[in-house]
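Can you read through this structure? Questions will come right after.
Residue numbering begins at 1 within each chain, and the chains themselves are lettered A, B, C, D and E in the order written.
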Amino acid sequence: MSTQFAPETADGWAVLHQFFHVDWQVLYAMPRKEKNDLVETFTSYLAEYARPASGGQSAAFHILGHKGQLMLLHFRPTFKDCAQTELELSTLGLAKYLKLADSYVSVVELGMYHTTKKVIEALEEKGVKPYSEEWTQEYQEKLAPHKENLKDRCFTEIPEAKYYCFYPMDKKRGEQNNWYAEPIDKRAVYMMEHGMTGRRFAGKVKQIISGSIGFDDWEWGVDLFADNPLDIKRLIYEMRFDDATSLYGAFGKFYFGTALPYKELQNYFSGKIA
Amino acid sequence: MSTQFAPETADGWAVLHQFFHVDWQVLYAMPRKEKNDLVETFTSYLAEYARPASGGQSAAFHILGHKGQLMLLHFRPTFKDCAQTELELSTLGLAKYLKLADSYVSVVELGMYHTTKKVIEALEEKGVKPYSEEWTQEYQEKLAPHKENLKDRCFTEIPEAKYYCFYPMDKKRGEQNNWYAEPIDKRAVYMMEHGMTGRRFAGKVKQIISGSIGFDDWEWGVDLFADNPLDIKRLIYEMRFDDATSLYGAFGKFYFGTALPYKELQNYFSGKIA
Amino acid sequence: MSTQFAPETADGWAVLHQFFHVDWQVLYAMPRKEKNDLVETFTSYLAEYARPASGGQSAAFHILGHKGQLMLLHFRPTFKDCAQTELELSTLGLAKYLKLADSYVSVVELGMYHTTKKVIEALEEKGVKPYSEEWTQEYQEKLAPHKENLKDRCFTEIPEAKYYCFYPMDKKRGEQNNWYAEPIDKRAVYMMEHGMTGRRFAGKVKQIISGSIGFDDWEWGVDLFADNPLDIKRLIYEMRFDDATSLYGAFGKFYFGTALPYKELQNYFSGKIA
Amino acid sequence: MSTQFAPETADGWAVLHQFFHVDWQVLYAMPRKEKNDLVETFTSYLAEYARPASGGQSAAFHILGHKGQLMLLHFRPTFKDCAQTELELSTLGLAKYLKLADSYVSVVELGMYHTTKKVIEALEEKGVKPYSEEWTQEYQEKLAPHKENLKDRCFTEIPEAKYYCFYPMDKKRGEQNNWYAEPIDKRAVYMMEHGMTGRRFAGKVKQIISGSIGFDDWEWGVDLFADNPLDIKRLIYEMRFDDATSLYGAFGKFYFGTALPYKELQNYFSGKIA
Amino acid sequence: MSTQFAPETADGWAVLHQFFHVDWQVLYAMPRKEKNDLVETFTSYLAEYARPASGGQSAAFHILGHKGQLMLLHFRPTFKDCAQTELELSTLGLAKYLKLADSYVSVVELGMYHTTKKVIEALEEKGVKPYSEEWTQEYQEKLAPHKENLKDRCFTEIPEAKYYCFYPMDKKRGEQNNWYAEPIDKRAVYMMEHGMTGRRFAGKVKQIISGSIGFDDWEWGVDLFADNPLDIKRLIYEMRFDDATSLYGAFGKFYFGTALPYKELQNYFSGKIA
């Protein structure tokens, strides 16, 4: 039997993506004052989460096309906080004209492939039986400081940029190419190479990975932020040739659009993109 | 020809999962007294099933995202009882504002891989022809006391925990990796290893497996209960590397959310998570 | 080239499955007398088909979950009769509160693998060219009496039992496992073994197979009737290990529920399961 | 590199299939005179296309089940004519009660495998470079008279028969079985064998193939017409064992029903099948 | 490890496809003057983008069948401009009767396989380490003039033709046939051959490829324009036999229809195709 080791992860914000269809026609037909008040209340609610803070952060985006026009991205300390945000938003007057079309539930996650691999190899060399009490204790002790070091990146803020992209992904478990049947050292190399492709776009594309195993239908969610949309296209195109992707990557729907700063929401609901 | 043996199962509660979209806007717009009365009646109905009892048990959850916000989990002695609950719920006034978005029909099930394998091997050694009258009688006699021993676990109660996860699953019948073409002793080892991964999360994640072959679109349903959602993610992540999963597991949609104690339902329908 | 022989089939009733969503809330809100009258008319219509007769038979079931609550199963002499039933049902007052959610169109079918194989082998030994005039004539003459013998089973009645299961299925045409590329003698053995699994449940589960090639999206429909739902689960579970299924079976949605005798329909539409 | 030759095709009528859900309840509730007038106008419109003519032909069918009850099949000289028919139908009063559920866009097509293969082989023997000017000219000259001969069959009329079946199909491009990677002579043999299966049903089932590459989601549409529905089932079942299908065929949804002669449309919309 | 090089691309217009269901019945029932005014305003809005200009271009099409009747194709300098067009269209009175059914988001793209391959090979010969600072600088310097040369084709105008076809596509990452695991020189040959098939239709079919990696669910969108719809069918049919397609191509839905010049929009909304 050949069961493989999972990499340790460092986890941060509970994340909720909400994609809404907007009932433009009813909003445009509404008396201006009435609509402005609805948008004002909505904006005020979100404004509490405008700046990154211990209570989390929220940001708005316009998604192009038919899959849902308004997107809200919520970072919260816990999933209970996400649920509370969901309910509170649904009580606002504007919610009557926003129909939830899609969503994604995940946790900001940093994969610790390299460190996990080294700790596991060290334990193996010492001959400690995997998952024995001794193994588990030493494994956790050795990884704890590394996790601590990643805390800030796990509780990151939402990057500011003109364009935005979201997609969920899986690692394939195909009959030939099965990510979960590969040994951790091989996967660690794949991930390192994959990370190097990403680093070529440093300063151009900011990326937040969140884990969603057990939380949503795919294994990870990817959020990309860039001022130039061609950088997003190029990054994903180049990554598609990485072994980690060409052999093992599977993708869901892609959502793409523009940032919607809160101060632009009144304009947005009047038909003007910032 | 190489037809393989099915493991015996011990079966308990008939189970119905119901996922409802909530019409928040109409509920919030309703006179407070009217809404409270609707929720009160709904809560009273469910309260009869609050505590585990011979007539079964029901629990409520809030599911994050767009797939359905309110989930009810019903354990009942028979499927007729499940159907009766379905109909009774649909007569309640609140049902007008709950739209059934998804469901799952199954039976709490414990797979008896180890015991089945031993009984079958013993019969084989004695040279009894599989499925002959003698074989069937001895098979059932030997398994009966083991099934009896599992009765309590088959008629288990719904665990209390802050977070909740549900997903359905299949064992793959791929052209290379075909669970149902593997001999029972090999499958028994896979399942034992898989169970050992689960045991590493004892005390952190409680798990109820229910069988749905013939009852719903997937072969099994998995309900997980935990106070820390990261334990749910970690458990499923580690299990994904088990051979039983990496080679043979296939998954449906994942539903994730928070427990909704009945005493919190009034708050919930007023927009407050417990 | 390796084109294979299709087994002969004996065919009987034209079959229509109808799955309806029920608008419970409107029905419950309706004045009692009005609703009772609607249900009464509906019941009277179906009652004409309550008993098996030359004009066919119809039966009602409650399906658990969200896929459609009320199911009608119609056996008719011809598909035109099925169409007539469809239209007549849609004129009834109750139809306003029943929304067709799914359906299945098929013909009760008995696969004659063993007999076909023997006739084909006999013709081969005689050196008759397949599908030549001589071959076709002798093939039909030899199979005719066997088909005649199966007539009663093709025009069977709908079994009475407490629980009910329906699912459609295909035989796979995979790149490795391709049912339609296997020679008829090999398929005949698979089907015989598969039938033997079924026979182990004689008296517990009654089964009606209907063919739907050219009529609906899957190749066959399977209707199961049992007093104990665990027998349905066990039968399908054991069959999944048959080579006929483990290598070649593909399944659609599963519908499961309880029988709804006509005399119980008034209770049903008042929220009470028989 | 191994790029293969496409077979030449002879093309005829532009074809549009329209599948409509019928709002029976509103139609039945309507004053009789009003409904009859709506149906009368609808029938008159279609009646212009009742007989095969240079302007095309249209026919109506009742489809069994939930996928759409009324189907219209339009043959027209051009796709612009199809579009015009679409728009004109949507202006009719009855259209308010017909909801377009599905459609199929294609061109009556005869595959010229045998002739193409012979022309290509002749050009190869002469050593003419494929797709060179010389090659293209000779290829077209040699095929032109054959195409001309097929013209009548390309502008065929809609067969009259009691039962009707439609399904779309693809040729697979699998990793082992890839129709488009096979040389044209091999494909020509497959198609000839496939045609021979069809010929066994001459006089029983009439078949019209239409090509939809570039026009709709599948590569071909198949329309079958027969007085005995069991002939449709048997034809498709026997064809499924042809190598052309068992190895390379992929199918979409199947639509099956009964012919609806125009003179029966009033009866139909009153709930009576002809 | 065998990670491969992505080809460089030259990118132009931001592209938005919008597919709308038209509420014909309500439009036809509307007072003529009212409808004409709605269409007039809609036409005026689009007319600003009738001619190719630095601000972009828009064109209208009628799509056959049920997937959405009215299609708008927008070329804009930036995606922000696309978003602005989306919002502005939704404020128009006619938008009330147009329901967005599908969409596609992409960028006009020319793949530079041949040039990229040559630059990479030159750098390899010089022994420059891929993606090193030196490599990246030289790579970009050498490709820049070629990109500049392609600018006009990237900011092309929308071709005028009677018929129109759109479909999205992927390159497969199968377990045997994996486009993204093939070396760039092999892919360059495939693409050259594929281009040669296209060139056989020069003057008959005009084609615009747009890249959508990161922007929409497929990797590329293909727009075809032709006066003879059979040329569209034939082009795609012949291409299906190219190795680039037979081994590696995967396709989404196909949309097909007729051009709708702005001056014909009043006729169109009165039920007349130009």
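The definition used in the following text is that a contact is a pair of C-beta atoms (placed from the backbone, for glycine too) under 8 Å apart; a residue touches a chain by one contact, two chains touch by 3 or more.
Owing to the predicted nature of the structure, the values given are computational and were not obtained by experimental measurement.
Chemist: Which other chains touch subunit D while also touching subunit E?
Modeler: none
Chemist: Which chains does subunit A share as contact partners with subunit B?
Modeler: Of all the chains present, none is in contact with both subunit A and subunit B.
Chemist: Note the rotational component of the Cα superposition from subunit A to subunit C, reported as an angle of 0 to 180 degrees in steps of 5.
Modeler: 145
Chemist: Taking each chain's centre as the mean of its CA atoms, how far is subunit A from subunit D in angstrom?
Modeler: About 46 Å, centre to centre.
Chemist: Go ahead and note the Å separation of the Cα centroids belonging to subunit B and subunit C.
Modeler: 29
Chemist: What are the residues of subunit B that contact at least two other chains?
Modeler: 175-176
Chemist: Considering only which chains touch which, how would you classify the arrangement: line, ring, star, complete or other?
Modeler: ring
Chemist: Please name which positions on subunit C make contact with subunit B in the complex.
Modeler: 24-25, 28, 62, 64-67, 69, 162-163, 165, 167, 174-177, 189-190, 193, 196, 200, 224, 229-230, 232-238, 240-243, 245-247, 249, 253-254, 256-258, 268, 271-273
Chemist: Note which residues of subunit E are touching subunit A in the complex, please.
Modeler: Subunit E residues touching subunit A: 1-6, 9, 11, 14, 16, 18-19, 78-80, 82-84, 86-88, 90-91, 95-96, 100-105, 107, 131, 136, 173, 175-176, 178, 180-181, 211-217.
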